[in-house]
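A, B, C and D are the chain letters, set down in written order, and residue numbers restart from 1 in every chain.
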Amino acid sequence: MATQKFSTLQEAVQTLIHDGDSVALEGFTHLIPSAAGHEIIRQKKRDLTLIRMTPDLVYDMIIGMGGASRLVFSWGGNPGVGSIHRFRDAIERAWPQPLAIEEHSHADMAARYQAGASGLPFAVMRGYVGSDLPRHNPNIRFIECPFTGERLACTPALNPDVAVIHAQKADRKGNVLITGIVGVQKEVVLAARRSIVTVEEIVDDIHDHAQMNSVVLPGWVVSAVCHVPGGAHPSYAHGYYKRDNAFYKAWDAIARDRDTFLAWMEKHVMGTADFAGFCRSVAAEGLIGTLPEEFCR
Amino acid sequence: MATQKFSTLQEAVQTLIHDGDSVALEGFTHLIPSAAGHEIIRQKKRDLTLIRMTPDLVYDMIIGMGGASRLVFSWGGNPGVGSIHRFRDAIERAWPQPLAIEEHSHADMAARYQAGASGLPFAVMRGYVGSDLPRHNPNIRFIECPFTGERLACTPALNPDVAVIHAQKADRKGNVLITGIVGVQKEVVLAARRSIVTVEEIVDDIHDHAQMNSVVLPGWVVSAVCHVPGGAHPSYAHGYYKRDNAFYKAWDAIARDRDTFLAWMEKHVMGTADFAGFCRSVAAEGLIGTLPEEFCR
Amino acid sequence: MSYTPTELMTINAARKLSDGQVCFVGIGLPSAAANLARLTHAPEVVLIYESGTIGARPDVLPLSIGDGELAEFADAVVSVPEIFRYWLQGGRVDVGFLGAAQIDRFANINTTVIGPYGSPKTRLPGAGGAPEIASSAREVWITLRQTRRSFVDRLDFITSAGFLDGGDARKRSGARGAGPTAVITDLGVLTPDPITRELVLTAIHPGIEVEQVKAATGWDLAVSPALTVTVAPTEAELACLRDLHARTLRAHGGEAGGD
Amino acid sequence: MSYTPTELMTINAARKLSDGQVCFVGIGLPSAAANLARLTHAPEVVLIYESGTIGARPDVLPLSIGDGELAEFADAVVSVPEIFRYWLQGGRVDVGFLGAAQIDRFANINTTVIGPYGSPKTRLPGAGGAPEIASSAREVWITLRQTRRSFVDRLDFITSAGFLDGGDARKRSGARGAGPTAVITDLGVLTPDPITRELVLTAIHPGIEVEQVKAATGWDLAVSPALTVTVAPTEAELACLRDLHARTLRAHGGEAGGD
């Protein structure tokens, strides 16, 4: 039963993500599933509703390549660098196609995933006080506490069709271990109908690596586990490789111009078969700074 | 700043728990703060509202000694053994005084602590469907989801005046490490106005013992840390000593009869100065089975 | 090979669990049965205890719902709020396996009080996790000894919903899941009638008479025309269960767990 | 010793933090200032980042809000839902320390959009954690460079509440906490008038002229009659900040963090 979970990333994306799906690639700065994002682009998935607290490079790529018709998010930028230009171009000038947006705050997105993971239809929070966001988002409403009469914000639970995360380790039964900044990795998988987990390493038994209260996702809640070493680059995987800050900076120039962006994507993503190919391709241009060398040969 | 946190259990109970307070001693089977319960009895605290998911021996003692006027709970029994007789005697026959009860389910109590820790006035859950509990508890109400119209249960947040927990380790800054079955230990401390943590061991620096994602309560959220080795007995402290099942069984006979109970409490709790004294006293009758010998001499 | 009524009940309850099912386990008899299943035909059954242990594999039976043994060999140990929110309410549980003090003809459960709530004749422990297990798990199994005191026509207090007033009452209540699909006792197995949802005796243990079961039931118990007899415990099942109890007894210093 | 406007701003922001305060830190300038405070006069300041790191003690400045450096030396690393629920919304934060793209005369913050929301002139990154930091922390400090483009009379979009329309508008809104009690810029420090809640220039950095500040403000900036001049950065402060930036630059392979 458990061993059927393992597949290549190609197969997992093919089988589990369909045109028109709502898809959440999560990872809060740490463990961003970049390799899975590339594969979604290679397979030309279309009309996706992309969900993510912090759309950054991975969504800039998908949006710029025309894969998304809608974006649900709370902060869209290139952390420490500036704007993400494909995201801006889509919102400001509808290129390459219009992108509908649904915008929340971080606290709210996290609460919405929690509600989704908890089988609740909505999340309650103290939020958006005085903010203009509720004026532009009909999914932000307000209710009264039945005990105190206080006014609280509420929003619908997030239950993506597919959750995609990257993690450090999985074992042969598909149990997944996440360490360090864990973000909303657990919540998004539990909230989603299907899930893909890419991992740095497959180990024999997760119990040899996990402490009693470690963040572990049992294999039976995960749809597919794919072994993709380096798959979070240019984000990082604690204990494996560091954040590739130079790559984030370089992205600014790559994505600023439509043609430069398209040419770069054609060459390094569409023109490669998988993430290892991508790594070799960009490494040849000196663009990968933090991945162990064996991924780039 | 941080070092002022450390005190004897006597001082902590004296300073932080007042007559009439709502007090939550938590620990889900594991890490039950028994020594703190004894000290509350020794100091003859009165008119307490006791809050606890699983009132067992520790609350049977306080209730039987007349310390409580109200109990908020979800399951009251002697796990694996049967009834807790002082609890029953108080509810069924108002001895030694009437005990008002407010009764919830486990899922609800846990959600109420979460709401309390989260600064929310109420908790929402799918709960109590078809149950008679809401008929007898005006604090269980129902609301409609503003998005789907579904009917959901809601209850007020729990914010005890004082939380009391037991944990494995604290360091010199008062940072607390909890491992194993963590129950609602974190939530109750964060939900409460004040908190007392008894620990097995004081270590130099918690970072030498905690993993990155361990359950750690920073010292600045805790009011008092007291070094009370063995202080969870007859419950257990993972990594230190096992649950004393024989003691739980013995309690059935001790507490069944009012006079036997009172005589036992007078001798072993009121007649001893502290938890170490209690241990020596009951050990002399062969009643302690799991604590390391040094606590019983 | 001879066996006790409790062994019979435990083994029959254990047989119901399939490999790979996710079971939210109550302490006592359900825990003994679930672990017996895990140690026999269902090695990959996922046992969740409300103390926060997911995929527990205790070597001996826990005496309490939060024994260290449960945490030691679990796939994950999470907080109690999380276990109820993400795992039970999240809809991840196939089977809720409960004990009970009393049940009625519609498999509603009372673990709260006998007599009026405000002036009880007998105060029972209370709800614990049961109300939400009963309404969130895909189905519920109940195991308890069958007597006129425990199988009553009408409960003084419904703690956890079975089929409420029968018929489609449960469905209308908003409870998720199919509700109690089996009640396994020391005398036989009761299952709800598909229409009325009244518990019907559908299987009887070897050597037990129907009249005996009726006499141990506080209402006029219907008997299925297709009544079957359960298979007697096998030697392997008995040996495994007795080993488990013996290990438990040794580990707990004379206290048998799970019963 | 000479210093840059950014150093001036960072050092003045750092000075505001007291030892033992709990500070929810935004990335960039707030993070640089908070860590400078920790490395100088406030070693026991508690830094919380929205990535879930509590009591972070980064040796170099993080470039992103979730750098591994933040987790490595933290007292606790919790999930993102937990950091917002238990720690921020739970009311445990003394100071929310924010950057901003734009603020207005009542210290409201815009990080969402310039121009109409539906057809933006410039799309900014969005809210992130700020709306709830601004309404949940006991007080809020904002740090940004002062220009007519960033200090505007009226925002196109209020992302995070300052004093809204001024007066008691914030109080009436249900926001907890005192709101923005200080705006630290490269030219001086602005604080809200106790009655109108309009930002007033209450301190000016050494060598800066009042007219210069007024010229960099998009509304008719009021100047406090008790205007003070801030103390120039000390050698120790500058040395510590430059060390921090140099370490950061080395660690990030040429990328300066926190700016």
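Going forward, contacts are C-beta pairs under 8 Å (C-beta built on N, C-alpha and C of every residue); 3 or more make two chains touch, one makes a residue touch a chain.
Given the structure is predicted, the values throughout are model-derived calculations rather than measurements.
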Pair sharing more residue contacts (C-beta pairs) when A-D is set against A-C: A-D
Farthest chain (mean CA position) relative to chain D: C
Between chain C and chain B, distance of the C-alpha-averaged centres to the nearest whole Å: 28
Chain B and chain D: spacing of chain centres that average the CA atoms, whole Å: 41
Set of chain C residues in contact with two or more other chains: 71, 77-78, 85, 89, 136
Chain A, residues touching no fewer than two other chains: 114, 119-120, 125-126, 150, 180, 182, 186-187, 212-215, 238
Topology of the chain contact graph, where touching chains are joined (line, ring, star, complete, other): other
Chain-chain contacts as defined at top: A-B, A-C, A-D, B-C, B-D
Interfacial residue positions of chain A with respect to chain B in the complex: 119-122, 124-126, 139, 141, 143, 145-148, 150, 152, 154, 156, 179-180, 182, 211-215, 238
Of chain D, residues touching chain B in the complex: 19-20, 22, 44, 46, 54-55, 71-78, 85-86, 89-92, 136
Contact set on chain D toward chain A in their complex: 27-28, 50-53, 63-68, 70-71, 77-81, 84-85, 88-89, 108, 112, 117-118, 120-123, 125-132, 134-136, 157-161, 164, 169-170, 173-176, 252-255, 257
Touch list for chain B against partner chain D, complex: 1-2, 114, 117-120, 175, 186-187, 190, 206-207, 210, 212-218, 220-221
Chain B - residues contacting chain C, complex: 28-30, 53-54, 73-77, 79-80, 83, 87-88, 91-92, 103-108, 110-111, 113-114, 125-133, 136, 150-151, 180-184, 186-187, 215, 236, 238, 242-243, 245-246, 248-249, 289
